Every structure is written in C-alpha cells, then in structure tokens.
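Two complexes come next, and they have one chain in common, chain A, joined by chain B in the first and chain C in the second.
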Partner chain A sequence: MTWGVVQVFADQEPHIPGKDETMIPPNETFYGALQKKGVTRRRFLKFCTAMTATLALPPRYVAQVASALEKTKKPVLVWLQFQDCAGNSEAILRSSHPSVLEVVLDLLSWEYHEIIMAGAGHQAEAALQRVVKEEKGKYLAVVEGAIPLADDGVYCTVAGKTAISIAKEVCTNAAATIAAGACAWYGGLVAASPNPTGAVGISEAVPEAKVVNLGGCPQNPANTAAVLVHYLTFGELPALDQYNRPLFAYGRVIHDQCERRAHYDAGRYVQEWGDEGHRRGWCLYKMGCKGPQTTFNCPSVRFNDSTSWPVKAGHGCVGCGGYNFWETKSPFYERLPNVPGFGADVSAGKIGIGITAAVAGATVVHGIASAVRDRMRTTPPPEKI
Partner chain B sequence: MARIVVDPVTRIEGHLRIEAEVNGGAVTDAWSSGTMFRGIELILKGRDPREAWVWTQRICGVCTTVHALTSVRAVEDALGIEVPENANLIRNIIGSSQYVQDHVIHFYHLHALDWVDVTLALKADPAKTSQLAESISPWPKSSKNYFKAIQDKVKALVESKQLSLFSSGYWGHPAYHLPPEANLLAVAHYIEALEFQKDYIRIHAVLGGKNPHLQTYLVGGMSTSMDPDEPGATINPERITFLTELAAKAQAFVDQVYVPDVLAVAAFYRDWFGHGEGLGNFLSYGDYPQGGVKDPARFYLQRGAIFGHDLSKVHPVDPANVSEYVTHSWYEYGDGDQNGKNPYQGETKPQYTGPKPPFEHLDVDKKYSWLKAPRYQDHPMEVGPLSRMLVAYASGHPDVKPVVDAVLAKLNAPATALFSTLGRIAARAIEAKVMAGQVVKWVAELGDKLGHGDLRVHNGEKWDPDTWPKQAQGWGFHEAPRGSLGHWVEIEDQKIKNYQCVVPTTWNAGPRDGKGQRGAYEAALLKTPVADPERPVEILRTVHSFDPCLACAVHVVDARGRKYTPVTVR
Partner chain C sequence: MGSLAPGQHAWSEAHRPYPTTLPVRTYVWELPVRVSHWFIVLSIAVLSFTGYYMHNPFIVATSRTQFLMARIRFIHEIAAAVFISAFILRMYWFFVGNDWSSWRSFWPIHKRQWRGMGQMVAYYSFLKKDLVHHVGHNALAAVTYLLMFTFMLLEIITGLTLYTWVRGSWLLGWLFRWIPGVIDIQHLRLLHFCIMFTFFAFVIHHVYSAVLVSWEERNGLIESIFTGYKFVPRHELEEDAKLPK
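What follows is the complex of A and B.
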C-alpha cells in the first residue's frame, strides 16, 4: 500500500493491534463501515432521508442516496484556511445531522484541516502534499477565507508559501472546490472597501477550479453536508445558480419563508427595539431587515440543530447569504438602504428574480400602507428612512 | 544548534509560525510570528458605529461574540449609553457560556492530542478503563462495554487506512506518558465533547440567533425581546426552561468530565508544572458587570495586574497605560519604530520587509510578524484564564479561591506551580467550573426578571444618530476566553473615524518590543525540552497552553493609515 496515512502509522507498528487480522478489503463501503460501528440500517436510512430533504429531492431519491453511500469508499477532503476567522470551521464543528464526527470520519476522510488536525508543521504539510499527489483529480477541497493578491500575496502565508500558491496547487488538482462562506466566495469582509490586502474569492484567484459557493457568514453546515452528500450520491455537484450557489439552499427569498411574514402582510411592524411589536414577534422590516432582498434557507433550516436564526432571535437579517452583502446590505439598520441595483442579490434563476421583483414592489406598497395605518391608529413615531 | 520551524501551528485559530533554537535538547530562544493580515479597522472607517459590532465580530469565528460585545461597549462608552440590567445579564450569560464552550473545545479538540496518543488507546483494557473512569468521576458513561465500543471505533478507523484528521499526529513520541487506559478514556471524552459543544451552544442560538457569529447585539442593549406571555418573544418561559436545562447539563459535564480529566492527565505530566513559566506578569481588565461597566469593583471577575510573579499585590489597571510597539512588526510609525503608542494615538502602516515567499526562515533580528507588541507600562504581559484566575486568587475571590486551592491540593502543588504550561491548563478548567456555575445562576436571575415583568432589553435614547455629539471617543473591553480585549473607537459626524483593537493573542503571541523584551509565547518557550526536533510536540504543548487565536491578533490597521504603500520585498 502506498497510503501516506499508513506510512505514518508504520513508524509505530507495535501500537497497531489487529495487524495480522483480516483487514477490511480496499473496496470497503461507507455503509459497510457504518455497520461495523453498530450503525443500524434504520439510522442510516434516517440520515439519508434527512439529506434528501435538505437537498429538496423527491422522496424516491432516498433509496438512491442510500445505495450510493453504501457503495462509496470514503473520498478524501482537505480544508484550507486563508484570510479567515475560522467561523466556517466552527460552524462545521456544530453540525448536527450529520454530526461532525459522521462528516469527518464516516462520510469522508478529512485529511487536512489546520484548526483541528493532529499533526503540525512538516507533518501537516506532508499530509496535504500526499493528497494532492496521490488523490489528484479525486479529492474535494474546501476553502475558507479570502486570498490576498496585493503585494505578491505576502498578507497570508502558510509554511512560508503564499495563500495563492497553495490555492492554485490544491484547487486545480481537486475534483471540486467548495467555497465555504462569504470570504472564500468573493473576498467577503476582507475585500470590503478599501480592500487593504487585495483580497479575492477562490473563483477569482483560481479561475480554472470547479467551484461551488456556499454564501453566508458563516455558511450553514446543513447545506454544506447536503452538498457533500449530493456529490457522494450522484458524483456531481447539485444544480447551481449563476453565482454557483446550490439552488436548494439559495433558491428562495428569505422574506417568503419567514415566520414573521404574516405580520408583514398584516402591516404589523416592530417600531422600536423592545416595544410591544418586538415582544410579540412582529415583522422587523422597519428595523432594517434585509430578508426581502436575500435568498437563503435560514428560516427553514435554521442554525445549531435548527434551534433558531437571527430573525427568530429578534434582530433583522443582514443579508449574509447574498453577493457582496457587506457593501450592498450595510447600513444594516436603514430601511430600504441605498443599494445600487436593488435586488441584485437575487440570482437564483428566473423564479427568484420574479419573486423578488414582486417583493420589492410589495415592500414599497406595504411601507406606504403601514405608514398610513400608523397615522390612523396612533401618533406616529418619527420615522427614519 | 538546530533551528526548528513549526508552520503551520495547527489546532489553533489562524496562522501562527514558531521558529525556535534548540540546544542540548531544550529551546534556547524562540520567535512567534503571525503570518496573516486583513486590515479590518481600515474597512470600518466611515461606517455606522451602531453596526461596527457586526463587522468586528468577524475578526474571529472561534472567539465569536467577544468582539461584538467589546464593540457595542466601546460605542456605548463613547455616547454615554447605559444598557438596561436585562441586557447586561443576557450579555453575561452569552459571555460566560462562551468560556465553558471554548475551554472544553480547547482542552479536548485543540490541546489533548499533545498529551494523548490515540493509537495507544488500542492497547487499553476496556475493563480497566472503566475502573479508571469510575475512580475519578460519577459520570455515567463509564461501562466496560462503552469503552469497548469506543475502542472498536478507533480500531475500525485504523483498519480503514483512512485516518482522517488523525493521520499526521506524533503518535509513538517518547513524550507521551499516559497509560493506554487513560488514552482510551481521553479518546472517548474527545468524542463526547464534540457532541457536548454542539448541543450546549444552543444557548447562543437562543440568545444570539446562531453560533458562530451571533446577531442580537444592539448599541444600547440586546434585540432579544422578553415577554412572559408571548410565544413570539425571544425570551419567554419556555426558552428559560430550555436555557436552564442546557446550563445544568454543561455544569455536569464540566464537573464530571472536564475537570476530572484535567486532574487525571495532569497527574501523569507533573513535570510540566516546571516548564513554560513565561513572563510572570499577568493582566486582566475584569468583566461580568453586576452594576454597570463603570463599576469594576462589582465585576464578577476582578480587574488587576500582577507583576514579577508576586501574588501578594494586585495592581490597579488603567487602559491609558497600554501601548503597542512595531519595532519587530511589519508596520512603520511616522515618528520611528522604537517607541510604543497608545491605541488612541495608534497608527499602522503595513510595511512587509520579510523574505519573499516561499521562504525557509524569517529574519528574526529585524521585523518578523504581522502582530504588534502590546505592553502595559512598558511590561510584556500574559493574558487569559491563568491571568484572570491569578488576579481572582490573589484578590481572594470567594468562588475562585476555594477551587484553586482544591485543585492545588489534589495535585499536591504550590500556587507558584501555576506559572507553567500545566498551570494554564488547570486555570482554564478552574475557570470553566466557576463560570459554568455562573451561567446557571444568571439564567435563573433572567427567569426571575421575566417573571417579575422586568422586560427592558434596550435603551433607545441615543439610537437616533441625530442625538449624538459631533465628536466622541470610547473604550470597550471584555475578558474574552483568551484574555483581555480592548476596542478604542473615535466617532465623528455619526461615522467611525478611527477604530483600534488590542486583542488577547496580540498580548500573548506578539513579537519583541523596542527594548528587545520577548512576548509571552517567546518567553514561555525558553527551556522547553525537545526530545526530537523533527517532531517537536513539546513546543506545541506550551504554545497550545495559551490557546492561540491568530485571526484576532492580526488585523490591526489604523484608519489614518495606508492604502497600498509601496512594499519592499527583499
């Protein structure tokens, strides 16, 4: 065997029991491995169902997902961190269904990820080099953080090498690259004006890489897991929009899925933080919510084991799933901010654009209607536009 | 003499490079370098101060929430806003639960593999592991069958030949001393802690909408509306019950898993009470107000500084005494690089003068890091859980002192043993225990307020920027899990004019200053033994004991500073 991972263990052969026992054959399956760990078929199918639902696939695909995973030998994944905050790594650590252990150990062989991998320094570099060489064209790469291009890339180095040189080597040799979060997608906050380090996203830094963008700050790990499972099941990435974001996660406007939508339709708005409307869970549109301008599946998938999402917790959406939200959605507390090209975020195909155009229209109408109602009801509070 | 380079230092946040000279099996000199720079403060210039927290929170996703809190406090300080008691309480719950979350993840997922040889777990007798577990803790997951199942999982992983994250470890290194049974116990708890952290952090999902990057802060309070009768309110009786359950579970996990594990592992590595001593100077801004941020005397964790290992005196702290040097950092000051500057006068012009990548070594005699070197009254200081616990201990904190004394008694060590690599690990566990208890208390207090109809979460008097003075400046602080964090903000014409952050890992991981004084990592690495320069696990032990977070540390740029100054690359 030429597996580098085995070579590392070869130094400590005395520590490996079962060396002479029957090894798992090289074509061991994902489900077979799970069975050995005592995972029941029922639990396995439950997982497949959850993934199928997140991907918005018809239920008949459950069997296909299950059968694909049963046959799959664990593909290799490497996770690169550049000008990042590690928020996307932390998000994956909080993944619930599947859990991080299932993602990292069972679904995939996760061989490089600085924030949590065992080895450091030379040993870490060797692990990455082995994957690039021996798994060429077969492994998945995840990129987190922006890549600085100014001044020959000196603003981010790992092992003395620039982020851009590492990204080129790793992502051009990968089967596909997942840009996790806003920074890896288009540079994110790091690229916000005046972009001091010339930061860009992975697609711009390495145009030849095959990239799927998971916007968000951070990305939602439920979507990331679903993209991985889709890839394992069908051998290709899910359907993408013009920003190369998966449609299943970015195909619908937040406002349309929002639990507070009925209040919007009825003209019930929060007017001040902590007021009666705020306590009763009314619409946050007047407090600057960017839900009407953003496509993302936060209201349905939510975060942290589906516990909550920002609007449920009483604060407006800042539009983090959208392209260049730092520049286009800020100021975050202004209603109908002065966004060049209102609705520019909506990229999820014609349906999304149609919906948003309607929403944009409705937004204005509702704003006026609500102001009228305010005047009829009580003394209106001074309104800031 | 060998020059060891560890880059990337993994199991940390961000990009850290350590270069060390090793002579006679021990480190004789060390240099700590941050190798990534973003420039977030420059990006903040001209934006609405009310949303600065959304931006600064992205300084770090591991220390998520801490920069958000510090930022709203800085703006509130500048504008003279007092937040309602409920908002302070909710912030205290978020902050203290972040300690518990972060410290557990640090011990098991970022640090344990420096002490635990995963492969040795395969040699363990599950029955004896069960005995060991039951001898140190009443934690119920301790049966022979449980540990057998964990061992089988490890075995299946090894046999699959796809070892994932564990493929590159220093397994078999002579510095690993734990018996196989303790290794198996640790591996089991590594897995349990992964489950724990994702469940526990739902406290932040309830109070922050999501984690990482909570989204409920407001200048003037919190957006978490409270109402005892409204299902649509963020905080209602059902949510309080949920928070109460999570807080109680965390307390049990810390008391019955984390703390016993630290004590058990420490008992096998007592020699590490003698390594990694470091500077002997400790700083804490103090935190967890119980009567407003202007009243440090009533903070739950005290404000203070300790110099020269002297626990008999806790000195007062004034942020005016903070300065930053760039003598060995890739920046330049307008009036020369030899002197420090207070953050209100701070400036930062990035000026990379290091070797052209790809490179083998840094030129450590000159500039060698993207971190500045912060100093307090010109002294290099260590910050973090050890500093907080020492300040609390030396101040006679009624909750902290008994726990510190109990831990020291259990390990048969004097208080001076805390000045060490192992001392940092112990202090973090002690703090997690104390703060897990506070989460329980503060959640109960919040429930009490809700029940009594005290529902105010936001002070909106100064929400409208038209009510602000033309100019204002303020300082916000927080004792983040990794130590003392300060934001300095200047506001002019309703916009951010200048923003500066001096963060925990800049204190700890910063380079030498104008006088050549080493930073905390550099000092702590001196005399660290290195058995095998090819596999320097001992260097990782001491560096990891600080819980490095480089994204926080390297981002500083002054709003008056640069835009693409010419860069000389040699």
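What follows is the complex of A and C.
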C-alpha cells in the first residue's frame, strides 16, 4: 500500500515549464478545449446559435460561426481594471448554471484579470508584460473602469504604475480593445460632474487604440461574447455606430423591443409604485422609464442568464446604455431633465405653465389699463371723426 | 365687394375729393398667408394637446382595444405634417408674396423699423397715448413673428429628430440622425416641450394685441385675417407705397 502511494507520486513528475514552452497561445482549438471540459456538441451548437442570434445574423450563419469556432486557436485576452466597481466582471461571472458564459470563459485564454486570476503581485504583472511583448498586435484587451488624467493620473495606480500608462502600453499593442461598461466608454459615474479625478474613457485616454465601446452599467456579457465570436468568426469587429458601439446591440431603441410596449400604446400606465397598474405589469413611462430614449438590446438578451432585466423586474430603465447617462438621463424617475437654473423640484411643465399664466395675467392687467387710457383720451383718434 | 379694385373707395365717386383720412379697403393678407396662418393655428392646437398627452398621459386607459397613446401619437404625427406643410408655404410666400408678407418686412433692416419698435414699446408701456399706424405688421410685431418662426423651425427640427429616433425615411434619417450625437435626445425632448409654452404665451399676447389694435385703429384688423382686407386711411396707404422696400 505504502509503496503504491509512493509509486503514484513518483509517476507524477512535477511539471516545470521550460523556456521554449510558452503557455501562450495554448496550442489547441477552442472546440478541443471545450470537449476536454465535457461540453457536448449539442451545447456548443446552442452557444453558436445564441451568439448568431445576438449578433442579429440570419440562422444560416450558425454553421459558419460553429466551423470558425471549431478551428480557431484560443486567442489571448487581458482584462484591465481601473476606476471601476468590478460590476462588469461580476456581470461576466454571474452565471448560475453552465451556459453561454462558461463557454465564453473558455473561449479565450484569459492571461490577466485582477479579480479572478490565481497569480498575484509580481507574477501577475509579469504575465501581463509577457502578453504585451510576445503577443503584440494579436491579443485582445478588455478595459473596465475610467482612467483619471488629473494630476498626472495619480488617482488610480496598479503595481506602482498609473492607469493611463498601463492603458497606453496595453491597448496600443492590442489587436482590439473592448471598453466594457459606461466608465471605460466615456468615464461613466467617475466622470460625472464634478469629476474630481479628471476621469475619461479609454478612447479619449488612448486615442490610437482600436476600441469597441460596450455601454451599459454593467455591459451585457452576452454582447461581449458576441463581439468576440464575431471577431473570431469573421476576423473583424462588428459594424459600429457613431459611438463605436456594435450596432447589433445598440442599434434599436429599448422601447421598441419592450415587453410592456403594448401597455404603452394602449395608454395603460403605472401611476405610482405598487399601484394596481404596477402589479399588473403596465407601462412604466410615467415613472420616468428611459426606454424610449435609450438604444440597447436588454429586452431580448436580458441579464443574469437571460432571466430578467430592469423593466421586466418592474423598475423603469435608467438609460445606462446611453452616452453620459448619469448627466443626461437623470432624474431617473422623471420624464424630462431638469431645466438648468431652476433647482431639482421644479419641472419644465411647471415653469411653462407659470410663464403662460404670467403672460395671461399681465395681458388682463394691460387690457384694463388700455381701456382706462381709451376713456381718458381728450381728443379722439382720427378714425373716429 | 369684389367689384372694387384695391385702393378704390366705395364713396369715391360721390364724395370726390374725399378726405385722405377716410379708410380705403386694402387687400393686405393674400390667400396663402391666411391659409398658412390658420393651418398653423389649428395644427399647433392639436400638436400641443397631443404633445402634452405624450409628455404626461393624464388619461389612463382601461380598454384593451382603444390604443389611446398609439392614436394620440398618430394624430400628433399627422398634425406635424400639416404644420410643416403650412410652415413651408409661409416660407415660400416670404419670397413671392406682396410687400407686407415679404421677408423684408420682418427683418429690422431699416432705421424706421427700429424707431417703430421703440414707438410700439412706448405705446404698450403707456408712455405714448396713440398708436403709430401700419398697413402691414408693425415693426415690433414683425420681429416677434420672426422669433416665433424661429421657434417653429426649432420645433420642426427637434420633432423630426425625435421622429427619426424611432422611424422615418432615409432622407429624414440623413438629415436629422446626426443630431442626437451632438445634443442628447433628452435635451432635445426638453427643448421640444419647453418651446410649446412660448406658443401658448405668444397666442395670448397675439390675440390680445390684435383685438387692442383693431379696437384702437378701427381698421378691421381682426377681420383681415379671415378676408384679407384692412381698412387703411388713404394717406397712410400712399405713405406706405412711398417707403423704400
């Protein structure tokens, strides 16, 4: 017995990677890696179908996506975190049962991701450096969080380096950069007024990087996966809009895809939280829902394994997929923004009605005064002669 | 009535020479001016009601089949098309209409127009007892209308931008789809909503001042927007004809 145990240990020689044996890229196909993990052909095809649907491609592209993913080598990915709440990482990890997202995690060789990587300290930073040097121009970078520029960027440092210097080094050498979430896109909450740290998004911080912006707070991991699948299948990034957001995810207004839309058209609205209409799932338009103002694919892709999204859960959309939504889509529970200079409690409607009433009142006073003047005239106007 | 030529007076044959202060029936507002005026009035009324409903749906429907909001939006869009058409007609008439509807009478390009504005302000603020008479618009009214036309144009631009946000042809898309990238769609919506109240305030003042001037001048001003004819003293008509345009 004892001998046997020793023998078992003796068989397992400790594996020390040699100098010539690099871990990147893992020399196996994505599909091969999945098979080793016990992912069935059926589940793989389900994933391909879901991705094709998310990309708004016709069903015949499923075969193309599947064959491309079967052959493709696992590309290297590094995930950088700056001024963030890790919400976008959490969104990626929030997979309650093995499904699309587990496949996504296996889709790429994740070499660096602060909150999930095993390595720490110098080891981790060495991994990042190795990717930048050895995979130059081939790896993908995901950026989460804003980059502060004020005071030489001292407000966010990782391993003694400022966020801006890391971003410049990693993103300029990447094949493409994905800005995950509102903060990485334009600064998000961090850049909202008064923006004490001078936070900006990755496109502004590193203008020379090739960036796909995935807005949202958080971004939808299904969209991140779809962008990666598109890149692996067609060798290029998907079609982008004026903000460099993929059109498949940000090309349509939420309101037009919403499951409560029929209630909107019928004129059935929630009047206050918890009322009869709210319990019956009526439209949240009067509660300040920003679905009509925002383009995103939440109603079809949804969050947390496609279980739900804010409007389905009974809360109005806050427009997190839109540019600068903290400034432009607030107040979140009102239809329109506040009028500048009038404080938070005065709505545009109140101001408008006030102005109209003031003009009406002034007109009445003026009318009375004019009638008095007409009476007091000593000489009648020439027409009356 | 129709047998009289413009500038001819019903009494002219019997009372020649008649005093120059006697009013002459003058065709001031041509048909397109009146038509565009009334279509703008009607469409703004409909647009304001439906637009306010779209901002704050104060009627909450219980029917499953009436599609209240969808219908209100449909009416808003149809009324907008009428409004835009009337606006374009009026803009066209700026260039082909008579002197009183021409764009030249709106822009304060002459010194006398600035003087006229001062006189109207003095009249409205009770600093001056009597009105200075005008055949067409007075200078102050003209710049106010110019401002209102600008607001109408802003309503059209913001409205069509909001329209292309959800649908619209390639032409509208090409013309307006870039705007939300410059000004956020929420601020466009706020602007679209706020300008409506300037129309309300304007309508109150416009109707009041028309009644006031009509009463003071006894020139049939109110009737003129229906018939096109004003009653202008002959000497004023002659002075107006001499003015450089």
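Details
The definition used in the following text is that the second predicted complex is superposed on the first by the 297 of 385 C-alpha atoms of A that agree within 3 Å, B and C clash if a C-alpha of one lies under 4 Å from a C-alpha of the other, contacts with A are read in each partner's own complex, and residues count from 1 in each chain.
Here is the rule we go by: contacts are C-beta pairs under 8 Å (C-beta built on N, C-alpha and C of every residue); 3 or more make two chains touch, one makes a residue touch a chain.
This structure is a prediction, so every number in the text was calculated from the model and none was measured.
When both complexes are overlaid on chain A, the residue A:Thr328 reaches chain C alone and has no touch with chain B.
In the superposition on chain A, A:Tyr285 makes contact with chain C only, while chain B stays out of contact range. Taking chain B and chain C in turn and counting the residues of chain A each one touches, the greater count comes from B. Of the two partner chains placed by the overlay, neither chain B nor chain C lies in contact with A:Thr172. Shared-chain residue A:Gln242: touches chain C; no touch with chain B. Once the two complexes are overlaid on the shared chain, A:Gln129 sits clear of chain B and of chain C alike.
Touch criterion met: A:Asp256 reaches chain C, while chain B stays clear of it. Applying the stated contact rule after C-alpha superposition, one finds that A:Tyr264 touches chain C and leaves chain B untouched. Looking at chain A, you'll find residues 382, 384 touch chain B in one structure and chain C in the other.
Against chain C, the residues of chain A that register as touching in their complex are 242-243, 253, 255-256, 264-269, 271, 277, 285-286, 290, 292-293, 319, 322-324, 328-329, 335-337, 339, 348-349, 351-353, 355-356, 359-360, 363, 366-367, 369-370, 373-374, 377, 381-385. Residues 21, 23, 55-57, 59-64, 66-70, 72, 124, 126, 129-131, 165-166, 178, 181, 184-187, 189-190, 193-194, 196-198, 200-201, 204-205, 208, 212, 215-219, 233 of chain C touch chain A in their complex. Residues 1, 3-6, 8-9, 11-12, 15-18, 23-24, 28, 33, 36-38, 74, 76, 81-91, 93-96, 99-101, 104-105, 108-111, 113-127, 146, 148, 150-162, 165, 188-190, 192-197, 199, 217-218, 272-274, 278-282, 302-305, 307-315, 318, 326, 330-333, 382, 384 of chain A are the ones that touch chain B when the two sit in their complex.
Residues of chain B that touch chain A in their complex: 5-15, 35-40, 42-43, 47-48, 50-51, 54-55, 58-62, 64, 105, 109-110, 113, 117-120, 122-123, 149, 152-153, 155-172, 191, 194-195, 197-199, 201-202, 204-213, 215-216, 218, 220-221, 223-227, 230-234, 350, 352, 354-360, 370, 455-458, 460, 463-464, 534-536, 540, 551, 557, 562-564, 567, 569.
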